[in-house]
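Structure record follows, encoded as structure tokens.
Chains here go by letter, A, B and C, matching the order in which they are written, and residues are numbered from 1 within each.
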Amino acid sequence: MSDHNRTDESTASAPEIGSAPVPVWLMGLVGLGVFWAGAYLFTYSGGFKPDVFDYEPKYGAQVGGKTTVDPKVVGKALFSSNCITCHQATGLGVEGQYPPLAGSEVVLGNATNHLIAIVLKGLQGPVQIKGKAFNNSMQAWEGQYSDQQLASILTYVRSDWGNDAPPITADMVKQVRDQLKDRKEQWTWPEVEKIPPQNLTGGGAAQQGQKPGAPAAQGQPPAPAGQPAAPGSSPPPPAQGAPAKP
Amino acid sequence: MSAMNQQIRLLQEPTDSVERSIRAPVLIFFGAAAFWLALGSLFWLLNVSQMYTPEAWWALPGIGWLSFGRSYPVFLNCMVYGWASGAGIGVGLWLLAKLCGTPLRRPSLPIVGAILWNVGVGLGILSILAGNGNGKEMLEFPGPVAFILFLALLIIGFWAVSMFVHREPGATYVSQWYLVGAFLWFPWMYATASALLNPFRIPGVAQSAIHWWFCGALMQLWLTPIALAASYYFLPKIVGKPIYTYRLALVGFWGTAIFGGWTGLIHGMGGPLPAWMITVSVVANVLMLIPVIANALNFHLTVRDSFEDLRWHLPLRFLLFGGFAYMVWNTLGALLSFRTFGRLAQFTFVSAGHRYLGLIAFCSMILFGALYLIVPRLLGRDWQYPRLAKTHLWFNVVGLGMIGFDLVIGGAIQGFALQDSKISMDAINDLIQPFLLVQNVAVLLIFVANISFAAAVKLILLLPTRVRPQEPAAESSKESLPEVSVA
Amino acid sequence: MNKFVKLFFGVFGAFGVSWLGFVAYPYLTFAGLQLNKDPNTQEVAPPAKPGTAEQGYHIYASNGCIYCHSQFVRDKNEGSDIDREWGKRRTVARDYLYDRQVFLGTSRLGADLTNVGVRQTDPQWFYRYLYSAHPESAMPAYKWLFRTQKIVGQPSVDGVKLDGADAPPPGYEVVPTEDGKALVDYLLSLKRNYALPEAPEPTE
């Protein structure tokens, strides 16, 4: 006890201090406090992660952090950065120069492969859309956009300006891209028509019986070979004769 | 001789060589601190007038360098760095000298430190007024000024700690632990925060984390330890009894040391900081109650039996008020850290009121008590006008009580209104007008109180007279108990 | 000396842990934050601020705007910030990546300013409000960010449209000083209306 107190001889003048024990109730309070602190700390800390800002713990399936974004919103943003230059924000194109997308049979038809192929590799030469003739050159976009991005652009294009056709998925774009990977030049319209109009896998099959929009009956392409479903003789055929994938 | 002066003289041992060696720097700090206190109180009055009556002539509208955005940081910085820190350093040095028993060998360096500190504060205040403030509470001084303050702190801290290192052999006392801690922690936290926020501006929310850390640590690990050190020294001396127990003092000290640095981030509740940092701050604020209860219990059980005898002991009343405010401040802090209350009180007067509780009701009042006891000893004079001290006490008590209730209740109303999105900000502004009026009145009272104190300090420093002729002469100065007299 | 060493290490260690947690950790974590690049649209978030906004930080700081205005949006379950349309989503650390000074604030005597550049896009609105917000609002009149000058030839493009008691005498106009313009540029740049993976914007 006396070692806590100053001796009288020293010049330092600390007050005296007793040495009673800490009251039991205080010890109990401390114990409770530490227990509470531990529980609170580990419940509400979000795993001590630096990117968890919401302190409420999430039980059950984690959200995973991925946000589902509407492809039409994304597609519109992407469309607005490039495609809009020629095809215009109204989707009407420019008379005599750039074909319209609104009401276009290429956009709305079941021949989704044609649509995808055109965007991937580009198109040049004469083509008729909605009864009007166009003869221009559209660049290849396959190097610019990923499958997901192209799919969202095409989904958007198929859903705006009065268009109402089923969405295009990234898988569909991927299949076409893979099948056409050896093609280096832009298409001409006759060549496009020779491509199988749609893949018979899930995406294509699901589109049977959907609204056809403007079916291929419109718009006579000037090219002679009018059978849209002949795969055999065109230069970039799908490798397997039957475009069926399981 | 008035009862107050008699009470102060009864603080046992006469001044010795140790105290005389520390006299010069301590008195420089005290004298300057009293000036900053007066200036800070004046700016506080200006600031609350600008809140309540922005167009009135006494709110000095239209003058850019005195506008609201400048008067508020000037008030806060005068109070924190000029008054509380300045007086705190003085009290700390004096306490360390007394407790360590080592006379200060070369007082010239601490004198340089004292001058540097106050010059720095002055330059900082001028910079804020001139429009060079940093816009971060408590860290508004521009980089070069902060560096000057840091230099001063280095010098003072070095001397303080060296006094402890060369102390008389024997057990150490509670106050010494707190002071060693304070003089080590403050330069460190000040250097970190100033450097990372001013010259080396780190990008992003790390700035806010460090800023709020500093705000919490400033209160809990700089001003609080000094105030506690003073309480632990003076309370037992005044009542003539030992501190209740060493063990509670241990709990109090280490609890403060461990939890104190984590308390600041409560301001970031709901903000762009990771959830775990806020949660840790919440836990720290609540666990701070452990050392607070330990210290408060210690104090209470020390003075418990002496209230009757010492009811009129003026400096004791300051110390006891401060101790009570210590409890209230930390309890409020713990309560507000729970998110249910915290999110209500977050952007309102409640957090301002909480800040004032800690700074002015707790730390300042204890420093007042300490100064009343120390200054006459160092000068060998008495306080010329004890009435000033009475004014000081009562105006402060009423003013602080008023502002405490006003800001907490007003802030609660503000908080409920903020949570209801149908109430526009202008409507909220109308709601709080009566509370701004009460705040104005309360600050006016506090202003008068602090001017009284500053005047008393100036008088005792500058006027050499020992006893004023008008004071009624005491019958005997040898009585050991003070008479209950109207002083 | 032993006692001192013990005390010193205890004191050092106790404080050092909080320093590590609240100073070193945020410094290391947030200094390494990267911009978010949306894989679909290639947009980066947050967008960089225009150069004139940089000067505005200093004006904002030195005029004490932070003492009445906050700059962070809390989540729906924490407060009414989103209901008051102060933002569509809560703010997170990356939103402040480009801010040279971060003014999160602790007081809301005035509105939150995180997205004030989204709510008000017209500099004139800011100039009028800064010049004299009375009597609608309690905000001080920041008249020293403006000057009244004689109209020489054409009225200045920056002239603040004032009427009533605030209007300058005929033949004079009120224009913002460089400081005033910088502040308004800074305020206009306060937008966080983009989504981030850790803080998605809610869909309708």
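We adopt the following convention: a residue touches a chain if its C-beta (ideal position, glycine included) is under 8 Å from a C-beta of that chain, and two chains touch if they have at least 3 such contacts.
Predicted model only: the values in this text are computed from it and were never measured.
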Which pair, A-B or B-C, has more C-beta contacts?
B-C
The chain whose mean C-alpha position lies nearest the overall protein Cα centroid is chain C
Distance between the centres, which are taken as Cα means, of subunit C and subunit B, whole angstrom
31
Gap in Å, rounded to a whole number, between the CA centres of subunit B and subunit A:
58
Multi-chain contacts in subunit B, i.e. residues touching at least two other chains, fall at 272-274, 280, 339
Shared-contact residues (touching 2 or more other chains) in subunit A
50-51, 53-54
Taking each residue of subunit C in turn, which ones touch at least two of the other chains?
29-30, 75, 90, 92-93
Subunit A touches which residues of subunit C in the complex?
29-30, 39-41, 43, 75, 77, 90, 92-93, 195, 197-200, 203
Residues of subunit B touching subunit A in their complex?
12-13, 16, 18, 98-101, 167-168, 170-171, 173-176, 232-233, 236-237, 242-249, 251, 272-276, 278-280, 282-283, 286-287, 289-290, 293-294, 297, 339
Show which residues of subunit B lie in contact with subunit C when the two form their complex.
50-51, 54-55, 61-62, 64, 67-70, 72-73, 128, 131-137, 164-165, 172, 177, 180-181, 184-185, 188-189, 192, 196, 201-210, 213, 217, 221, 254, 257-258, 260-262, 264-265, 267-274, 277, 280, 339, 343, 346-348, 351-352, 418-421, 425-426, 429
Spell out the residues on subunit C that touch subunit B in their complex, using ranges where they run on.
1, 3-4, 7-8, 10-12, 14-15, 17-19, 21-23, 26-27, 29-31, 33, 60-68, 70, 72, 74-75, 78-80, 83-84, 90-111, 134, 136-138, 140-144
Which of the residues in subunit A end up touching subunit B in this complex?
3-7, 10-23, 26, 29-30, 33-34, 36-37, 40-41, 44-55
